[in-house]
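Below: a set of structures, written as structure tokens.
Common to both upcoming complexes is subunit A, partnered first by subunit B, then by subunit C.
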Partner chain A sequence: MWDGEAAWAALPTVLEGFGITLVATVLGFGVALLLGLVLALVGRAAPRWVAGPVNAAAAFVRSTPLLVQLFAAWVLVPALDALVLGVLVLGVHYAAYLSEVYRTGIDSVPKGQWEACTALSLPRRRVWRAVVLPQAVRNVLPPLGNYAVSMFKETPLLSVITVHEMFHEASSFGSTHFAYLESFTLAAAVFLLASWPTSVLVRRLEARLAKGA
Partner chain B sequence: MRREPEDTVAGPEDGVAGTVEAVRFDRVTKRFGEHTVLDGLDLAVGRGERVTLIGPSGSGKTTILRLLMTLERVTEGVIHVAGEPYSHMPSGHGERGAGAGPGGPDPKAGLVPASERYLAARRRGIGMVFQHFNLFPHMSVLENVVEAPVHVLREGKEAAAARARELLGMVGLADKVDARPTRLSGGQQQRVAIARALAMRPEILLLDEVTSALDPELVAEVLDVLRDVARATDITLLCVTHEMGFARDVSDRILMFDRGRIVESGRADQLLDEPTHERTRAFLRAVR
Partner chain C sequence: MSGFLAELGRALPRLGEGLLVTVESTVLGAGLALVLAYALGLMSGSRSRAARGAARTVVEFFRGTSLYVQLFWLFFALPMLGFRLEPLACGVVALGLNFGAYGAEVVRGAVAAVPRAQLEASVALGMGPGLRLRRVVLPQAHPLMVAPFKNLLVQLLKATPLLSLVTVPDLTFRIDQLRSATGDTAAAYLLLLAVYGVLAGVLSLLMNALERAAKARLGTGGDG
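Now for the complex of A and B:
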């Protein structure tokens, strides 16, 4: 049954794993934010012979499981450090989704905003940077937040390519100390403690934006 | 020709003022699919002239302004601005070879449709105020006005801000510089939009039903500002409005449109007081 001492002993290991989980999430989401933006811009503004293949690649990534992508990358690029590889695969996988989110955001910017930019002769770059993207991103902050939470919750998959994230650490502690119940309960509690407040924040943000604050 | 002169609000020091047309439509046709909105329109506007376009909804007034702002492209014909081709460019201008027409009276002889790059340089002299303001909601009032002078005219931030404050003072919004546009009334927003357009020092200002979206009690404050602009500058004005009092006050000439054609044109008081065409009379009865 529940062994308080074992749980106490597992805590440092689990927290260390949590550190890696956080790093993977933050870096992975950073990659996804940037790459997703690039994908959205290419899909919107690049000539068709560039946009077509890029959109197809993104659709392909969206339609295959993250787990499969992790394994495939691990097999194809064995030289890369597992964490680096994990961050990249997470980033690319989520970028394929975030590009759609960005696109929705860009489409939500009214036509009149573009026309005002033309009337002011603003250069294309400036139109995107100063007018369209700030409004587009603002309009999609809640879905972006939700994807961040969901990426966080998917990091245990990285354990299959030997990244020492929290689930991996909990699992190895469990097997060496015969304390799966304690170590997994701790890991679950940490996930809950971290993602619940974040979800609440995202929902608040959503409500605030809906009010047009 | 790539660069517009920096100071372009006033015209007289240009030397050629009055001698060159600000705008000329040369047999301009605009179609949306099968629907012909403008059909071989000829129209000339002198430098500093104030022209008001009136006519029933759907007659093509907005399309004329949008063509000038390059928000639409002509289907046929050529638009000239300040004596130079505008919707088109000389075929030697770089991109694309000439599709030189069959000479003679072809307005397009030696011209090809303007490239985006050509337009980017030439549209700077033209500003537009829209029916629905189209202010940037995520920027403060001051940032709205400063944006283009800083990033298009390359004015210094300080100088641009100082001039923006001056313009905002002129439109009666000196105390709103830090406000978000969404916190302002429609009339205030439209006055910001006017200041924003003027900050680019346009030679030609296009006004498309700028009071149509406003509550009636807010119309006067916007029209008063525009009367001031008309009085204090010699900017060329092309204006679409249903406010006949305003049209009378500011216009040198009023053009009555119907179905993409000019039905009648004349001095403001003349056209409003003694319209000769039955369509004009019917229209004026309807809007009064």
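Now for the complex of A and C:
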């Protein structure tokens, strides 16, 4: 049955793990945002012999399980620190999804914007940086936010490669004190408390963008 | 590599069993998720405040807590309350609850997207609520649901390797055994990734066919 004292004792451990969870999420999403943009631009602007294989690789990453990718990276690249490796695998996995998000964002920029850039003979670089990307990214902020929340909820997977994030901490507390009920319930509560307000915010943002557009 | 192939040949029956377990958990999990998605999704669009509130709470709860935490909670914490589920049942229930909550949003959105006039017309024709839902609302909502359901189904398939962490002997579990038997890590994991890639591809093809069928039944046909 529920043991309040055990839950109280588990709280510091779980919160300590939550710090690592946040670090992994923020860094992993940073990698995904950058790499996803690169993938989208390559898929869009690079010559076909580059874009084709890159798109195929991204599709492959999207259609295979994150857990297996983590295991594979863990045993194939044993030299890297677990947290660094976890952040990279998370980043690459989500970059494959985010590149599609960016792509729809870029497609949603009206053709007139491109034509105006040509008429003003803006250099290519400036077209992307000053005209297309700011509008594209603004359009896809809500899906980007949703992916950030879903990455946050996938960080427990990093525990299989011994990253000491919240779930790993909850799990080891549970096994040493035989208090799985308390430690896992706490971890679930922290996930809910952190992800629910974020998804409400994303939904508000979505509603506001839909109205303002 | 030749040692790996020989071992692979010997392990083939066990890998086949693992594949069956993966397919089984995907199908059962998706079935449970589909039922929950309809129940919760229709409740979220209901006029009764109590039904709506209950559905929203359940959906937000299972979307907000991570699938991994849910699965491990069922496997480790639930027995402490006196209920013990088989590992495979834990997996199917966790997958069903989690993806059912996501699916409920799909159902709710698709039902809300059916033009209001359709509903008013069916009221004017004196159709009861059940008949309205069955003959007017759902047939028009279905084609909108297929594409997001396809994404969820592929996500669900890709979540099944988690079950190997709670001792379900699925494909990942079996190939991991093969890996420790042969020591050929790269080959084992590449094979595993490839099999999941193929499975996801097959699922996508099936769902594309379903989408075409749903659209054809509505008379909007083609890819339009």
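Odds and ends about this structure:
Note that in this section the second predicted complex is superposed on the first by the 212 of 213 C-alpha atoms of A that agree within 3 Å, B and C clash if a C-alpha of one lies under 4 Å from a C-alpha of the other, contacts with A are read in each partner's own complex, and residues count from 1 in each chain.
Here is the rule we use: a contact is a pair of C-beta atoms (placed from the backbone, for glycine too) under 8 Å apart; a residue touches a chain by one contact, two chains touch by 3 or more.
Computed from a predicted model, the values in this text were never measured in an experiment.
More residues of subunit A lie in contact with C than with the other chain of the pair subunit B and subunit C. After overlaying the two complexes on the shared chain, residue contacts for A:M1 are found with subunit C alone; subunit B is out of touch. In the superposed pair of complexes, A:L122 makes contact with subunit B only, with no contact to subunit C.
Of the two partner chains placed around the shared chain by superposition, subunit C is the only one that A:F60 touches, whereas subunit B remains out of contact. By the touch criterion defined above, A:L76 reaches subunit C but does not reach subunit B. Residue contacts after overlaying the shared chain place A:S172 against neither subunit B nor subunit C.
Looking at the shared chain after the overlay, A:W196 reaches subunit C, while subunit B stays out of its contact range. Residue ranges of subunit B in contact with subunit A, taken from their complex: 69-71, 120, 123-124, 126-128, 130, 132, 134-138, 147-148, 151-152, 182, 196-197, 200. By the touch rule above, subunit A contacts subunit C in their complex via residues 1, 60, 63-69, 71-72, 75-76, 153-157, 160, 167, 171, 174, 180-181, 184-185, 187-189, 191-192, 195-196, 199. Subunit C meets subunit A in the complex at residues 60-61, 63-70, 72-73, 76-77, 80-81, 154, 157-162, 165, 172, 176, 185-186, 189-190, 192-193, 196-197, 200-201. Per the touch definition, subunit A reaches subunit B in the complex via residues 110, 112-113, 115-116, 118-123, 126, 130-131, 134-135, 138, 212.
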